[in-house]
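Below you'll find the structures, each written out as structure tokens.
Each of the next two complexes has chain A plus one other chain: chain B in the first, chain C in the second.
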Partner chain A sequence: MTLLEFARGPAINAALVIFVFGVIWRLFWLLFLPRAADHSVAKLGAGAAVSSAAGGFVRHMWPPREYAARTRFSLIVGYVLHFGLAIIVFGFAQHILFIRDIFGIGWPGLPTGVITVVSVITLAALIAALVRRMTNPVLKMISTFADYWAWFVVTLPVVTGLMAVSHLLLRYEDMLGVHILSVALMLATFPFSKLMHAFLVFVTRSQTSFFYSRRGSHV
Partner chain B sequence: MADWMSQQGTVGEALTRQGISRRSLLKYSSYLATLLALPPTSSQAIAQALAGAKRQSVIWLSFQECTGCIESLTRSFSPSVEEMIFNLISLDYQETLQAAAGEAAERARLEAMEANKGKYVVVVDGSVSTRDGGIYSTAAGKTNLEVLKETAKDALAILSVGTCSSFGGIPRAHPNPTGAEPVSAIITDKPIINVSGCPPMPEVIAGTIAYLVTFGKLPELDHLGRPKPFFGDNIHDRCYRRPFYDQGKFAKSFDDAGAREGWCLYELGCKGPVTYNACATIKWNGNTSFPIQSGHGCLGCSEPNFWDAGSFYKPLPGRMTGAGEAVLGAAAVGAVAGAGSAFIARRRKAAASDPSASPSVPEGADQ
Partner chain C sequence: MNKPIDAAAASKVILSQTEQHLVGYMEACLHCGMCAEACHFYEVTGDPKYTPAYKLFPMARAYKRERSPLSWFGLTRKVTEEELKEWEELIFDSCTMCGRCTTICPMGIDIASIVGQARKAFAAAGLGPEDLQAAAENSRDHGSPLGLSPEKLMDRVEWLEDDFETEMPMDKAKADILLTVSSIEAMKYPDSIVAMAKIMNTAGADWTFSSKGYESTNFGYLAGRPDIAKLMVTRIVEAAEAVGAKTVVIPECGHAYGVMRWSGANILGRPLPFEVLHITEYIAKLVRDGTLKMKPFTDAITYHDPCQVSRRGGATQDARDILAGFATDFREMDPTGELNWCCGGGGGVQAMARAADLRHKVFQLKIDQTEATGTKKLVSACANCRMTMDESKDALHWDGELISLIELVADALVVGDEDGDGDE
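Up next is the complex of A and B:
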């Protein structure tokens, strides 16, 4: 069995099984957790649960003016790398085929050149995020292994994907195998790492917004 | 097998006997130089070396195969390739082509081995059965396994022609009932060149043999033992449909508008990006076409395990096999485990807020 066969066969399938198990386990656990009833009386003008949660979620996407200068760097880097990753994952024809293989749905892809440029920009944003995490004293202090691990498992597929396309270091088929294995590593550790924020961000931000809305504050 | 095929002497003498002019030799030499990516000036030197070279004694063994490899060579579109190759070698044993049969054929092999001890090249097409002592493929009462070991013992080198002898090929595909193995899994003390392909390209077989005869040494090989001049690039990097791949223009079915426009066949399962061979450059049938040009994706036939690497029509990024049931099972187990974890948390919380359930202070703990 070649490296590519191992990656396209048992490795990616095992990773998918762990991914699905882990994500559903965590989401179910969270949704069924006991919650303390909120006995407070909602402030006058507090929005309905859904609208206040959704409104707060949208407002959270951009910092208030007072913080604009202080958060500019992380805001730009954060947006670039998140949009970049989304374009790579959902815009590259090869990745769409991978998704189609699992979910049975597909859509037209972007030209390889566009994806290559986006990948390089995304990689630069990822490196910038890491450098900031390692140099900013506060960020450095509150960072744990989990933060670096999340960075590592996201960056590895970007790097190996670029290397496979550019025929760097290994033969294409081997680097493609390494790339798929790196995706398998990301998928298998996703539910147990900070990457879970891809699902939980909707829950946490909406809930926070709802709480504050009841207390008459719009965050 | 015609007599001249197995006569010794120099290549020049054989050509004269065949009435092949020096001009034709020069033409073939420049063709060879092009195939091997050598500078055009080297064709003169190749012609000279070839004319003076001794015809290479070759013993051709056919094992678990479909005869496609030898058909590919002998029915090559350009007869000059076939004729030329048989002028370069003295084919002392080949079951498909030789007139002799039975004991006479077997004797021919043993005589050729004795006469050219240590100097003959063994060409093998087909994989070798190894299960139960190799009894699933025999000829003249001997297993292929025995014949290979016996013949390879005094050989100069071995040329595995075709994917079966190079990597096991279709006979080695799951469940491999005969225990088929490639030559390299059995013979480990001789230089082996793998000319893979199902079938291999006639020009590649001929070019490799010509290289051996001309330069008296093995060509540079890749990590799978294949001659680099022919297997150095993958199909994808030399494919004329590549611009469509780069633009993201893919045919979705074999007869849609994209297919008619000649768009890339990646989504239809083309394995060109992971397949190394000369199809896209030399092409088949006298440079007429190759599978991708004829509208079908590359099957990856010159690569190990190509038969077991998932469907030919499944795109490369797709998984070789699905895991539908396992994934559904994982989702169900995840849901139960999640609900179970939450239930345990609820119980803990309830226990913590129930004063009657709180642990009693052990006697004397306040002292």
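Up next is the complex of A and C:
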């Protein structure tokens, strides 16, 4: 079995199983924790649970104008890397083929040149995020191993993907195998890492918005 | 003298509070650090230790070690006595639970909620500023944090009634409204109590004070002492039930309002049998329905939103509705409303002597905000904010003026065809 066969076969399959069951397990575990009953009476005119949760979810996508100057770097880097990763994962023709193999659905891909440019920009945003985390006094103080691990497992597939496409360092097949293994590493550790924020964001933003909406506040 | 610190007791309390929303919050923090930009303590010091997310580290660690789905990996070490001691300042002295950090958090984490729960854990471990704990114990033993016993309240009310010729019913058998006080007002700003009475009387309200339940501040809640928090809520609830009150009005005190309005029923474990209104909500209703009329107040003023009334209380508009009725030169500060900067003394920080220097630094923010509006008259609707700002005003030698909103209203009241000088 070659490295590529191993990566495409047992490695990525096992990682996908861990990812799916891990995410479900963690979400179920959280959602079935006890909920404290709220005996307080909501303010007259407070929005319905669903609409207030949805409104808050959208509101927290962008901080209020007051914070614009203070959060510019984090926002730009954050949005560039999130959109960049989404474009790479869902816009690259080979990735779409991979998705079609699993789910049976696909869509037209973007030109490889576009994906390469997006990947380089995304990598630059990831590096900027890391440099800031290591140099900004606030981020230095609050960063833990989990933060650096999340950065590492996201950055590795971007780097190895770019290297595979550019035929750098190893034979294409071997670098593709390394790339798929890096994706497997990301998927297998996803449910147990900070990357779970991709799912938890729906939980926390919604519950906070509901909490404040009952009070007649728009936080 | 160093008190023994019981880290195991702290962990036990943290682990007893693993409700869904708190766990979700602790799991979801990205450590992006944006919350620092919204915290007044970080703003005025630039010290990264005041980053709100950092304040939660001991709670997150205790939870991850014992309760998280990944705890069986055994990767997280215990919370130590030394860490709890180090974090005490961050949980008590430098968090007013104002909730501003939530407005910037991309995950929408309500850090103030976690700090509120964390205080219980720290108190269980034997931590927490001694003066804050003493305020809570005074409330339990003497009825109020500042020694306002039932007898003192009755004396004071009698004196105020005589001095200001304003009727202030005490211990009526039945009344629609139970009016509460904060001992800060009773001991330091008695004019506020007179103002509330004048407004109630002018509105023709059927109201009373009760010597059984009068103290609206809840230092049990702020000090992390749930037994005292429950006792303080119970006193007011029982007093309200005894007089058959349909409404309990909380005076100018943000946390008193927040605790009774939003946590009172949960502390008690059952719905409250009455409506809870902050005094600004009550007055705003009277202004909106035309019951109260005021003479124009023409001086330029700006308004400081008490965090627990506006951002965390949802009553932001009420103060504006009141001011719109008579303040002809009201100027909003920037930021304002739900994004206001805290006074620096909420969450019991006002009661901590050792936090005074930090509070004074925060007040510089309010000075700058106020003066940017072109006035030096700062109105608010919280006696705790007022006392915090009063002390800082002196410490910083600011020549501006702090004004109570209800005193402003009471002074401008139009009574019948008169000009508002009377009270009946």
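In this section, the second predicted complex is superposed on the first by the 219 of 219 C-alpha atoms of A that agree within 3 Å, B and C clash if a C-alpha of one lies under 4 Å from a C-alpha of the other, contacts with A are read in each partner's own complex, and residues count from 1 in each chain.
We take it that a contact is a pair of C-beta atoms (placed from the backbone, for glycine too) under 8 Å apart; a residue touches a chain by one contact, two chains touch by 3 or more.
Being a predicted model, the structure only gives us computed values, none of them experimental.
Colleague: By the touch definition at the top of the document, which applies to A:Tyr172: first (chain B), second (chain C), both, or neither?
Modeller: Only chain B is touched by A:Tyr172; chain C is not.
Colleague: Quick one: classify A:Phe21 as touching chain B (first), chain C (second), both or neither.
Modeller: first
Colleague: Determine, under the contact definition given at the top, whether A:His197 touches first (chain B), second (chain C), both, or neither.
Modeller: Touch status of A:His197: second partner only.
Colleague: In the overlay, answer first, second, both or neither for which of chain B and chain C A:Ile12 touches.
Modeller: First partner only, chain B.
Colleague: A:Gln94 in the overlay: touching chain B, chain C, both, or neither? Say first, second, both or neither.
Modeller: In the superposition, A:Gln94 contacts chain B only.
Colleague: Going by the contact rule stated at the top, is it chain B or chain C that touches a larger number of residues on chain A?
Modeller: It is C that touches the greater number of chain A residues.
Colleague: Just to be sure I read the superposition right, which of the two partners does A:Pro137 touch: chain B = first, chain C = second, or both, or neither?
Modeller: In the superposed model, A:Pro137 contacts chain C only, not chain B.
Colleague: Which partner does A:Trp29 contact after superposing on A: first (chain B), second (chain C), both, neither?
Modeller: So A:Trp29 meets both chain B and chain C here.
Colleague: In the superposed arrangement, what residues of chain A touch both chain B and chain C?
Modeller: On chain A, the overlap between the chain B and chain C contacts is residues 25-26, 29-31, 33-34.
Colleague: Report the residues of chain A in contact with chain B in the complex, numbered from low to high.
Modeller: Spelled out, the residues of chain A in touch with chain B are 1-2, 4-5, 8-9, 12-13, 16-18, 20-34, 93-95, 97-98, 100-102, 108-113, 171-173, 176.
Colleague: Which stretch or stretches of chain B touch chain A in the complex?
Modeller: By the definition above, chain B touches chain A via 223, 234, 236, 245-248, 250, 266-267, 273-274, 304-305, 308-310, 314-323, 326-327, 329-331, 333-335, 337-339, 341-343, 345-346, 349.
Colleague: For chain A, which residues are in contact with chain C within the complex?
Modeller: 25-26, 29-31, 33-41, 43, 56-57, 60-61, 63-64, 66-67, 70-71, 74, 78, 136-144, 147, 192, 194, 196-197, 200-201, 203-209, 211-212, 215-219
Colleague: What does chain C use to touch chain A in their complex?
Modeller: On the chain C side, the touching residues are 18-21, 23-25, 27-28, 30-34, 36-38, 42, 48-49, 51, 53-54, 57, 69-70, 99, 102-110, 113, 261-266, 268-272, 275, 310-316, 335, 338-339.
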